[in-house]
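Take this structure first; my questions come after.
Labels run A, B, C, D and E following the written order; every chain starts at residue 1.
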Amino acid sequence: AERGSDGEVKIIYWQAPSIMNPYLSGGTKDIEAASLVVEPLARFNEKGALVPYLVDEIPTVENGGVAADLTSITWKLKEGLKWSDGTPVTSADAKFTAEYCMAPDGGCAQSAKFDGVESVETPDERTIVVNFTGPKPVPYAAFVGAQSPLIQAAQFKDCLGAKAQECTDANFGPIGTGPFVVTDFKPNDVITMKANDNYRDPAKPAFATLTFKGGGDAASAGRAVLETGEYDYAWNLQLAPDVIAKMAEGGKGTPISGFGTLVERIEMNMTDPSPDLPEGERATAKHPHPILSDERVRRALSMAIDRTLLVEIGYGQAGRPTCNLVPAPELFASDNTDCIAQDVEGAKALLDEAGWTVGADGIREKDGKKFKLLYQTSTNAVRQDFQALIKQWWADIGVETELKNIDGSVFFGGDPASPDTFQKFYADVEMYANNFDGTDPEQYLGQYTCEKAPKPSSQWQGENINRFCDPAYDELVAELGKTGEISKRAEIAKKLNDMLTKDSMTIVPLVDRGRVSAHSNSLGGVVLNTWDSEIWNAADWYRIK
Amino acid sequence: MPDTAMPILDVKGLKTVFRTRGGEVHAVNSVDFDLRPGELLGVVGESGSGKSVTMMSLLRLLPSPPAEMRDGKVMFDGQDLLKISPEELRKIRGSKIGFIFQDPMTSLNPVYTIGFQLAEPLRAHLGMSKAQARTRSVELLQLVGIPDAERRLKDYPHQFSGGMRQRVMIAIALACDPQVLIADEPTTALDVTIQAQIIELVKELRQKLGMAIIWITHDLGVIAGIADRVMVMYAGQVVEEGPVGEIFRDPQHPYTQALLKTVPAVRGPREEKLQVIEGQPPIMHGAPVACSFRNRCQYAFDRCSEENPELRSVSAPGHRAACFLLDKASTPEPEAVNG
Amino acid sequence: MLTFTFRRLLLAIPTLVLISLIIFLLLDLAPGDPLANQPLSIPPEVRQKMRDALGLDAPAYIRYLLWAKQFFWVEPLVFVDWVIGTNFSEGMQRIVSWQFRSPVFDIIIQRIPQTLWVVGLAYLVGVLIALPIGIISAYKQYSWFDQIGTFVSMIGFSVPPFFSGVLMIVFFAIMLPWFPSIYDTTLVVNDFESFGQQIRQMTLPVMVLALQTTAQLSRFMRASMLDNLNHDYVRTARAKGMTEKVVLLVHVLRNSMIPVVTVIALGVPSIFGGAIITEQIFKVNGLGQLLITAIYANDLPMVQTLAFIFAVLIVLCNLIADVLYGLLDPRIRYD
Amino acid sequence: MTDTPLEPVAKDTSARSQWWDVWDQFKTHKGALFGAAVFLFIVLAVTLGPLVWTIEPTFIDIRARNSGPSLAHPFGTDQLGRDIMARMMAGGQVSIAVGLTAMAISVLLGTLIGVVSGFFRRLDGVLMGLTDLFLALPLLPLLLVMVMLFRETLSRSFGPEMGTFILIVSAIGITSWMQTARIVRGEVLALKEREFVLAARSIGTPSRRMILRHILPNVLSPIMVSATLGIATAIITESALSFLGLGFPPDFPTWGRLLFDAIDYLQQYPERVFWPGLAISLTVLSVNYIGDGLRDALDPRIRGR
Amino acid sequence: MAEVETVAPLVKVRDLKMYFPIHAGLFRTHVGDIKAVDGISFDILPGETLGLVGESGCGKSTVGRSILRLYDVTAGTVEINGFEIAHVDRDSLRSKRPMMQMIFQDPQASLNPRMTVASIIGEPLDEHMKLSSDERLARIYELMDWVGLNREFAKRYPHEFSGGQRQRIGIARALALNPKFIVCDEPIAALDVSIQAQVVNLLEELQERLDLTYLFISHDLSMVRHIADRVAVMYLGRIVEVGSREALFAEPLHPYTQALLSAVPEPDPESERHRKPIVLQGDVPSPSNPPQGCNFSTRCPKVMDICRQIEPAVRDFGEGRQVACHLYSESMQTTAEPTAGDITN
């Protein structure tokens, strides 16, 4: 096909992008909108494998691109790459990008990508050498994936550090190498783009213009693609499965789904959240949880849950039951499926065994203490349905549950003054979803070491939400950090995963949440990618005639 | 006034009923009267006796519902005003028959200038141009004695005092040189000094323009000063009618007699005790089957509660009253006083 | 009148300052964090850096004073610069949104057209429909027209817009694909066709919004007309021999409009803030949507500024209503 | 004095309280009578209904989910198999309670402020300033902030449902009293000029009793009308809050919430939208008609006719 | 009336002023006053009725209300039964309230439409007397008997009564506390002619029986002539003439009184034909901006130059007759015209 021959393509995101600079926002909507314009050196494909974008090949130890001691990586830019304004892309741009994100006052949302980067060298126009402070077994973070694309030094040169916030024009219309260029950016509303004249593949993109509309809700976005056909692509249709199915009957489009690493899970609090404890000791390692500290109890709670039904009701096509914290990529996913079958009787037996006997009112008790749990999550229709269902299942095994839901902005807000953040965890169990960037779970699994538990002394910051603490686990994490060989890494990761889930039931995974998006039947070339930007291959899209 | 002239307005058997939740109210019951050219007919009666309703019925100005004109004929200019089409009636209103209302404070539209409100009938009925209407408006205001007329055309009603507003109302009513002017208590809301001004004005205008006037009032004094003929109403009916001198000198109906006595005078000897008419006027549910004054009448006898007296002529020409006492020979002594 | 207006304007200043302070303090007290919507995968250190970069952790009074300075001094200067091409405001820090990293006023200005087009037009349409309905309903009180009018307006009153909106979409965008369900804010009206398109895309939201305006206003108009129809001057007008049309449309209408105009004027601020739900449903993305997304994103400067602008509008419309009242009703002299 | 008592003008019925007259007039307003009947029916249905229809609104019968109307579930079930009829009744209790309480708060506040500012000239400026201030405060952020600020404190003291209830009800009440206050103030200002207030003053009645005895009973009719309108507005506002995600939690049914949740299913299960939509509309409609009737019935000018 | 000189007046009003401030401008500054009552003095003897007449808006009601301290007066003193009323504090004022009462113009507006007759009449009793409910009821019945209301009506509401009956309720309320002094503010103006007489007779009868003192405000001169012992004529906030009823009606001295009296029509066509009313030109000036000199100078048919410059002093003609007019001022009496001419030049 010829560039621009297919007219216009229209994308709708029900969360509207507010900025086009992924370095200033971690939000998916912003990163994905930006991915149409700015590109990294390499991306993950739909299977989670690295594919070269602005380089010709992926550097590895084998091809010499990565130093044998794992302390540097060398990328080589493609020949003749141009920014959309026609100027050449050089290694200086990459160096600048690193400086931009690593500048102390810049508030770069992706600075984790540049963790451990010591310097970026530019031996020549096309060669980029990233030096690390120590050995880095997985060196594919900086300049890889939608979160860390190259930005143009010329455009952003005055936007370093604190000034990053003021460069509105650049932040709204970055110059990139991607298939499209921003013509108009209306924050939280609509972005219009046109084909990049200097795109490296002269035949692409097939569309001359692109409209990227934001706002509204998932249902209306779904309708616009599946029922009225007004739009070509709708992102993340978080809707009940039967609703999507009904919309699909409209015949204008097709829902598509893909799975990544996002897992909806129940976290068990290993510490005592009782409000009777003095502030400062509440929900800290000093007081183990009076009920949930018993592994059998946790297991029984997990056994009572019918994950398949949860999926059916809450996610349909966009979910599958899982027992793993790391459900993907395949290489890293443990084959643990024990929890999928619901086993109410087994759960009851386990509780009996643990000494919790059914009381007069049908609620279990032990030593005069009732089996009562406070179960919190963020406010969200599906989560409240889950809460209701799980509450009922738990009631079947003699557990009384009090439900509580907290506004998402408070729950995930991390305000140390608020009692309701998920980090503070002033409840017995809580439910939310989390995932990791890219394909390597090292950092993700590394969050569950003893020292990462949120506590008063750390302003309640820290990712080890359930205050899980096992020295053996910490050791294994350390070992993973030193291992470079991929199969070895996978083995360790699976082990870590099992320690958290299968073995200790500290984390009770429920659903591996995929994504459902939809495209119109006339839009060709769509490949849903959950490892990178969902619309990563928009350059390949075309109109089916 | 020449008794012989053809009446310009002839009302026969007028009946107006209000349909309300509490039942029908027969506000006007078979009222007959006529008005001759150039004559001033005074209408008196206490509050609620149906004076206003009668006059508004003539021009069908009552909102309907609840009002309903049941019966009667209102002959004006050879036409029955109760029968003609609304459009024809509209052409008579304001041009041939002018109307002045009781309350000068609310009868003018507060948001339009006096000039506008004066010009409206002129332009609607006489088809005058803006400029013509304006000249005429100035004339009219001067006629009713408003100084600085030219400038005051631009003023709004609230910028006038009560007396001035009533003059404006008169000017509006006179705008198209009507043959008949109906003034519904034009001075009741005003102070005596202002009332005197207005009365003088009307007297003067009448001499100048020579139209027939119906003047409704409570105040017997006012009537005595200006009317040619008087009509006394009670409970929706005419109870007495006659030349002004006759009525005041020799009232025939007990109600008229009592009415004349209740008012103390400013001049002359002072009464030690005021005469009172005891009781209240009746509420007129249904057409009257008996004399409606009987409960308050000191002369009432059996017949009064059996029949409704009709107007009948009294000795003096043109003097009529509706009372059975008139039948009982001419002996005026009240022999059959009700116990 | 002039003194009155000045006086009211003067009085408005302390009110507005107080309002701005209250809004600020309230929003500041509210829990929540502008970074709450960032993915959990962003590590806490990075979050902290982002917070620092936004200046989120400065003491409240400093942020308030800064905001006040920016609102009352810098932004007017920017406006002056923009109008006469000077550059007084160069180098001054404007009020910057936390979610967009862009001056809030730029975004607000961007949003005004669609807000005016849709919500403003809906208001206008609503008013234009409501007035005749109110007039006829009052004139023919208790007639079938009046009864139906009452019924419909009560329906309009009782159906929440998120319901009527979706219903409209299902009927008129899906079942009968006559109108688009999504408003295109990028549409430029430059020819007949695009104008038609604009009309089409405005139809549904305007209908939903106008229904509400009509419902309320027609009731009000009716009551006001009924009130005036009983006045003596109406009888005077009839006695002057005016036609019913003149009586109604010249005499009664103007008097009845006096309170109604105030209500209409006071409803204008709701154009800017009140259509949040409808905007959301049809994705009109006007000021209402801007406010609600800013609230969800805890974008304090944006919420603060918008809220304050609404407050200014409300105060201003109050003033306009009073002045209009004085103009329409010659009896009112405000001095 | 020979004066005998005069015939009373009123109809012959002996001492009737004027509430009878109000009722008499109210009865003649067909819409209002019908509205009152419907409202009564709704209230009875949601309060007594659960005694008859004993299915728990939170009971999940997962096998029967998404079923249409049947004998077992006359209104059908939702996506978790909860009985919609039971949820409608539970939701109705909340919605009507929200409507009534929020209205009560707003009317009380409005009346208090209106009466005080109308009656005491010295407080007038301040209180009307306050009213203007509230009118000028954009309500949505205010509501939101109130919800965010107090939801947790209240849930802790009163339990999550009661806490949210108190919060929403007071949020709506606190942001909607201004109109009432203005109207009441106007009425009070006018009443103050009436001679019976002057008469009371000439007797030496102190302000407190003056307000209770003479002012309040006479501003009743505008208050009543605000009140009926207030119920309707509060029910609608609550549902709008649900739409914006600020209302009751999703697991706690109210009509507004049920309607909002059902909207996604508009095409598959239109009846789910229908029931709460109908309930809200009927309630608002009936309350509005009642308000209309009350306005007429309480207006002595109309009643006298 | 001859021996009245020796009796001490029950009500003594001296130089009473009641101004209503006008605020205007940017800062609502005090820019002037409505001088509703502008310095009036008079006495009322025990058992006497003083009639107060004048045109609408001349300040009659304001006088009545200020005397009862329903307004906070601007200046002057009011003494009733030996107690200073105009400037005492609220509490002692409250204890004096029973002594002085008021009857209002509009029988409809002066009764709370939501209270029964019994509670209306009983209100003053509740406020000032500690009565058991039986005593209270007995007193209410007694009052109703006094004013000629059937006891059966006690539970009815005001709207169920006719105007005359309503006015009786108002009178009963005023009598409840055994007052000595009653201000009647146009008690009959809103009533129909046939009913007026009933009420006036009742008032007279009660006065005799209870030894009441009235200030009878009215603009109906014939009624004032009937009921009042002495009459004061007001014009624009001032009293222009006071005198005994006979003297004043027989021979009005002030030009305004003359005009007022001559304007009253009489229900007698004969005498009406010959009556030549003095028709005043123009309107009453605004009390916020009274003319310089004599208030009446803008409309006075006998105006002299001096009237437009100097406010006339009150001249006492003896026997309680007082007139404020330059026509009668002592210094002017003989040389009025020439002096006036001098002043203008």
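Descriptive notes on the structure:
Following the convention adopted for this analysis, a contact is a pair of C-beta atoms (placed from the backbone, for glycine too) under 8 Å apart; a residue touches a chain by one contact, two chains touch by 3 or more.
Nothing here was measured: the structure is a model prediction, and the numbers come from that model.
Touching chain C and chain E together: B, D. Between the chain pairs B-E and A-C, more C-beta pairs are in contact across A-C. As a whole-number value, the distance joining the C-alpha centres of chain A and chain E reads 89 Å.
Separating the centre of chain D from that of chain E, both taken as means of CA atoms, is a distance of 49 Å.
Distance between chain centres (mean CA atoms), chain C to chain D: 26 Å.
Taking the mean of the C-alpha atoms as each chain's centre, chain B and chain D sit 51 Å apart.
With touch defined as above, residues shared between interfaces to two or more other chains in chain E number as follows: 162, 164, 198, 201.
Looking at chain A, residues 407, 410, 420 sit in touch with two or more other chains. For chain D, residues that reach two or more other chains under the stated contact definition are 3-4, 6, 9, 148, 263, 267. Against chain C, the residues of chain D that register as touching in their complex are 31, 129, 132-133, 135-138, 140-142, 144-145, 148-149, 232, 236, 239-240, 243-244, 256, 259-260, 263, 266-267, 273, 277, 280-281, 283-285, 288-289, 292. Contact residues of chain C toward chain D in the complex are 15-16, 18-19, 22-23, 26-27, 29-32, 150, 154-155, 157-163, 166-167, 170, 174, 273, 276-277, 291-292, 295, 303, 306-307, 310-311, 314-315, 318.
On the chain E side of its complex with chain B, the touching residues are 55-56, 162, 164, 192-194, 196-198, 200-201, 219, 221-223, 225-226, 249, 259-273, 275, 277, 279-281, 283-284.
By the touch criterion given at the top, residues 3, 6-7, 10, 335 of chain C touch chain E in their complex.
In the complex of the two chains, the chain A residues touching chain D come out as 219, 239-240, 242-243, 246-247, 309, 313, 379-381, 384-385, 387-389, 392, 403-407, 410, 419-420.
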